[in-house]
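Structures for review follow.
Each of the next two complexes has chain A plus one other chain: chain B in the first, chain C in the second.
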Partner chain A sequence: MSSQSLDSFFTPKAVAFAGSIKPGKIGYEIIKSMKEGKYQGGIYPINPADGEVMGYKVYTSVSELPKDADLVVISLPHHAILETIAQCGRKGIYAAVVISSGFSEVGNHEAERDLVEEASKWGIRIVGPNCAGLMNPWYNHFPSIEVRALPGYTAFVTQSGALGGATLAMAEELGFGFSKFISYGNRCDVGDIELLSYLADDPQTRVIVLYIEGIDKGREFLRSAHAASKKKPVVAIKSGRTQAGTRATSSHTGTLAGVDQIYDAAFQKAGIIRVEGIEEMFDLCQAFSHCPLPNGNRVAIVTNSGGPGILAADKAEQLGLDVAEPPLSLKNKLKPHLSPHASLKNPIDLTVESGYDEYRIALDCVLSEYDSAIVINVATPYLDSTGIARGIIDAAKKHQKPIINNFMAGRIVKEAIQLLDEVNMVNLATGERGAFVLSKLTERIKIQERIQFASID
Partner chain B sequence: MSSQSLDSFFTPKAVAFAGSIKPGKIGYEIIKSMKEGKYQGGIYPINPADGEVMGYKVYTSVSELPKDADLVVISLPHHAILETIAQCGRKGIYAAVVISSGFSEVGNHEAERDLVEEASKWGIRIVGPNCAGLMNPWYNHFPSIEVRALPGYTAFVTQSGALGGATLAMAEELGFGFSKFISYGNRCDVGDIELLSYLADDPQTRVIVLYIEGIDKGREFLRSAHAASKKKPVVAIKSGRTQAGTRATSSHTGTLAGVDQIYDAAFQKAGIIRVEGIEEMFDLCQAFSHCPLPNGNRVAIVTNSGGPGILAADKAEQLGLDVAEPPLSLKNKLKPHLSPHASLKNPIDLTVESGYDEYRIALDCVLSEYDSAIVINVATPYLDSTGIARGIIDAAKKHQKPIINNFMAGRIVKEAIQLLDEVNMVNLATGERGAFVLSKLTERIKIQERIQFASID
Partner chain C sequence: MHRLIEKAKSENRHLLEPEVLSLLDSYGIQIPPHKVVHNEKEALEAAKSLGWPVVMKIVSPDIIHKTEVEGVILNVQNEKQVSDAFSRLSSLEGTDKRIEGIIIYPFQKAEVEISVGMVRDSQFGPVITFGLGGIWIEVFHDIAYAIAPLSIEEAQNMLNSIQAHEILKDFRKRKSVDRKSLSELLVRISQMAVKEVAIQEMDLNPIFPMEKGYFIADGRVIL
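Showing the complex of A and B:
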């Protein structure tokens, strides 16, 4: 394979597995996940104990493998890895995911240097070691021990395998999907820099997320992030903001966590959007995956209940969005279609008796005037929310503008949220979260304007 | 009833219902909710069409009602209410929940004045009008159209009926319970001031939450909140922080939303803890319901994964908690029991292979040294998290200190979280939320110290 391409990691023709084939062991569990995930290529376990495992023929050595194997997943003890790398080199397998730990993360820098040296001798690229593996859900490819991801449009690149695993488990619960997942562990070879450039051109990826504890090769990283940001949004969760966090970060990986303000400035320059944690990331990436960007920062809030509308308006204004009062012309346009008790000031409170027509007409009208909308439905058990969902969907069709919904809450809106999901409309837990997301979509336009013709040098 | 006591609202012997008895109508749906909620007292529908509804005898007038009725729930059209109020007065029913709308919220101030006048003529107390009703889940008493609350320790008092309803629907999904729920609507009589003093002495209430859009009688309100705060935590969500929010608030209710900074200062003086929205409220009230207060602000973070530990540490330090490094004596005490790769700096990273023993010993040791703990378990599908939960539970028994857990995530930790639930241990969605909650528990100690001997005059 070309040393420039990472294709064999994400779309291999066949995958070899060097590790234990005993149930409960990491090697076995990864093969099981590939099988359950319905991987379509060859699955070739390698183990001195030949025979079969889960219906797959076990090969006693790398040299015996069929020719089409182009990726190896290694979960052997760290001292047994070098020999396997050499065999893969001889066999023409040039991509290796090394799950095994026992390297620089525990101070064993020598073993890691040896691994890098042996791999580069053969032109083998490495993801890892000490990592949770990677996933390409669109290709049914799951060489990892973590909960299998659903296919989606968010690429997630994580320096912490465990945080990556937790993110996948939360995503499963939310029904949130990923285009790619990569835990690069100690980053002895393939890291953020190369992945950013690969994912920037990956057709299934609409937004790239990085979980970062510390970066090395700062300038190269920023150049790569800057180039990727020109093509699609790059979002980062950077831990180690404070003294306590930094202390922990320095102990946790080989890298030294830098001063937080330096990161902020650098991210800003590279066009990286920083978020605080996983929940903000989920909210934002849903919007980046499914919403067009707004043309400006004027947001309309359409609601059937005062309180939640106000909380959303407060947050929107705090975050720099313009919750402008509608012009008289718009008020006059709305008035005949809404309850006489409706408030037309923005938040536009349709009042509780509103359904399909009121939501459809109100949203259609405000989207002709505003850049984006937050649509809130505070449901009561005796009112049908599916009509409201259909009204929103019908109005949205006529506009290329971002809409964030907030259907509150629980089982009484389940069916309505299902309708929104089917047409990829975003629904978040609160209107405040909607305001946050729209503020970041607005930030993204500004980033695009700023970096379009700029360069980092 | 004594005009000072609100008991008939919350623990009535029998309840009369003046309103429609047609399925789908509010009157009918409230009776249905009382029945499904297994209310133990008499249920007396009043309607000109006599007969039966859902097995209950229908009375054609108030005068016919059995003598034990001490609360009436009114959902009649607004113009038909005065007569019913007078009849209740004659019958000796001195508490009325008026669900009906059409009063000051739509500018009909005259109707509201008439209602107040008629009620006070008879000594009848009113919750409402234009409200979502109230609930006492400990008494199976649900005179409301909203999702029935589970019994719990949080009293929720809301100026917005819809926001109250959405909160109940979210709570149902979370399994979060309430001691009392009160939507007071237009607050023509019973309001926050009186409810604060009632709930401060309510044995099932451990924390009082107010959702406020605007207050009237500012000084009386603050005096009542101050007195309540001496007895238990008072938490407020105050909407209308910004211009946009305030504009909406003024239109939404009869009250004028004040300048936000004035509220902040007043809340501070009264000992009210302000939170931003419903999610923060849920997190915090779980802790106030089930955790002792800390003695200080030193927090230990125990985790099996670096990343989430760091994010929690960052947030904790940002919020003013002290994420101090353990003294050498504590490190030495921990070392023999933990993995050689464990990091003892705080976050204390036990590493992924840790289970019952490591969590139990580490938590027990740190609680001897610190004021509180955040315990994070980032689960992997192939590790059993119930052992970790049991380790935490066993260590917690030996200490009277607040512990916030964060078991990440999804179905792989469901069973473990169930174990924590059974012993009323708090588990939140992220470690950052844990840090937020502990910062507010710490704020509460400071409030107690500050207001214990102070008074508002």
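Showing the complex of A and C:
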């Protein structure tokens, strides 16, 4: 099946909803989310009780629906779904999001097989069952029970609906947006393999994130992920539970090779960047969405306070970045513009009395020399952090290099961080997290080189 | 399927050591000189032609881990020791421990021991491993993993990604190992693993890296 066939899921002309239309029920809540999300196409609730819901005409059967419906969202009890699928097939609706549970996740494999069989009879593609739905925020399309995502550049594909929902709720707090969100639940049809190739060509998606608990069709997954990571970064959150020792083995190799190491090897082959959890994912995806990749691993740390600068430098070195001291020429260039107490090693400590000019000039100078920068502002309430932010923004304009800011902390830097946000500059809560992100941006360059040589049959 | 694998499968056993060597050889992998003997006279002739000292090991379809049953005798230095070794190894035979011969190699000593292995994963297919060899692999678990097939670049990357990778380079007056031939070994093993789907697991351990080439001192292939 070509990736083209997934378009109806993400950019449907009109959406039908087969499920309860009572307030508080899933069917009703999804329609409400579509309405509140300002979906522009037709919204067609289907229910034996006709009339209206939220101002939308209710259709008593699929056959009555207007012709433009090309996606159906099903939240019916599992035993009532097959008939609806058949009706959709007759009506020419070839995409179905099945939210309903009661399938293989509770051992009801027969019901899931029947669902797949009926759908394939009509050529209907399924996301789900037992899923949290999907979203295309750029299209105001929210057929999901979860918190509506803001538009952004990260596509998030999750095997766990609950984790997906929690991630969306956290993202809302952070103001972090998504290009697409897909919870595929039991993955009876559409899964990672197809989504990877779809999202690789999706213009709004700059980075693809997978939350993976387990993979089926491993070799196909590798091919698809490999092809996708040639086009854009692919990040995976994989829980690290190891099943080493559960396999019957006769060789030492077999005994030593844990599932986790094998996943690492698979990700390496496909060029997938593995992260430990949601927090790292958010940090990294912000950077992949908004920062250019560095040309090398030399990082400058510009700060107004010693401690946080050193923590960031230690972390950067530990992660393989080069926190080299500036050459004499650069020191000489910086010296006349900075406080006599400024430290011109790396971290470059501008000292506490620095503002717009010092930050702008220092960052401009170091970016001519280094591949990337971490810029730290440990604010004191009496200092104007917005001036520092403007200094960074002005310096950054002249360079196509990744900069991670770390404005600390809380209320007194809120306004300054907002200024950074407005121009899509990344600000993270600590410089160490900035170091992590830069190490991964650097890794991405190596991955791009490496996967050209990966041999995949 | 390779005929030796087919034969072993039909007899419901894993590959015997001489078969492992012959399989590796057919995939262009360097194998050490060796002889399989069935009596003391053959053993003496083999030892003399291979050159002293030698290693003698049992060839048995029933015993996977030969060292654990004392089925390996290293550094056999003369004719008397060959006779002693031959009778000690022959005495290991039992009703549930068939012995189909004794395999004799030249005794090779090396400072660095490495290992190459394969395990077939139900999802990702053959996974190739590279690490320190001998007992060290089990002590340090310093192993690089990669999914087959491997390109030469991926194989080189494996050599560089073990913790102890410095040991493969010029190190304290010792010359660097032959990294090119080790990379080629990994590539060929990976190609064999992709092609021979009946192989479930494989250990080549220890392998002695040489200034030129390598010496595979032991190997097992599990079907």
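Here, the second predicted complex is superposed on the first by the 432 of 457 C-alpha atoms of A that agree within 3 Å, B and C clash if a C-alpha of one lies under 4 Å from a C-alpha of the other, contacts with A are read in each partner's own complex, and residues count from 1 in each chain.
Note that contacts are C-beta pairs under 8 Å (C-beta built on N, C-alpha and C of every residue); 3 or more make two chains touch, one makes a residue touch a chain.
Just so it is clear, the model here is predicted, and its values are computed rather than measured.
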Partner chain in contact with A:80 - chain B first, chain C second, else both or neither: neither
Broader residue contact with chain A after superposition on the shared chain, chain B or chain C: B
Touching partner for A:423 - first (chain B), second (chain C), both, neither: neither
Touched partner set for A:316, first chain B, second chain C, both or neither: first
Partner chain in contact with A:341 - chain B first, chain C second, else both or neither: first
Contacts of A:218 with chain B and chain C, given as first, second, both or neither: second
Partner chain(s) touched by A:455 [first = chain B, second = chain C, both, neither]: second
Contact residues common to both interfaces of chain A (with chain B and with chain C): 249, 251-253
Residue ranges of chain B touching chain A (in the complex, touch as defined): 24, 26, 29, 105-106, 145-147, 158-160, 162-163, 165-167, 169-170, 172-173, 211, 213, 237, 239-245, 247-249, 251-253, 276-279, 304-311, 313-318, 323, 325, 340-341, 343, 345-347, 349, 352, 378-382, 408-413, 429-430, 432
Residue ranges of chain C touching chain A (in the complex, touch as defined): 14, 64, 115, 117-119, 121-125, 127, 129, 137-138, 141, 143, 145-147, 149-151, 153-154, 157, 194, 200-203, 205, 220, 222
Chain C-touching residues of chain A, taken from the complex the two chains share: 215-219, 221-222, 249-254, 256-257, 261-262, 264-266, 268-269, 450, 453-457
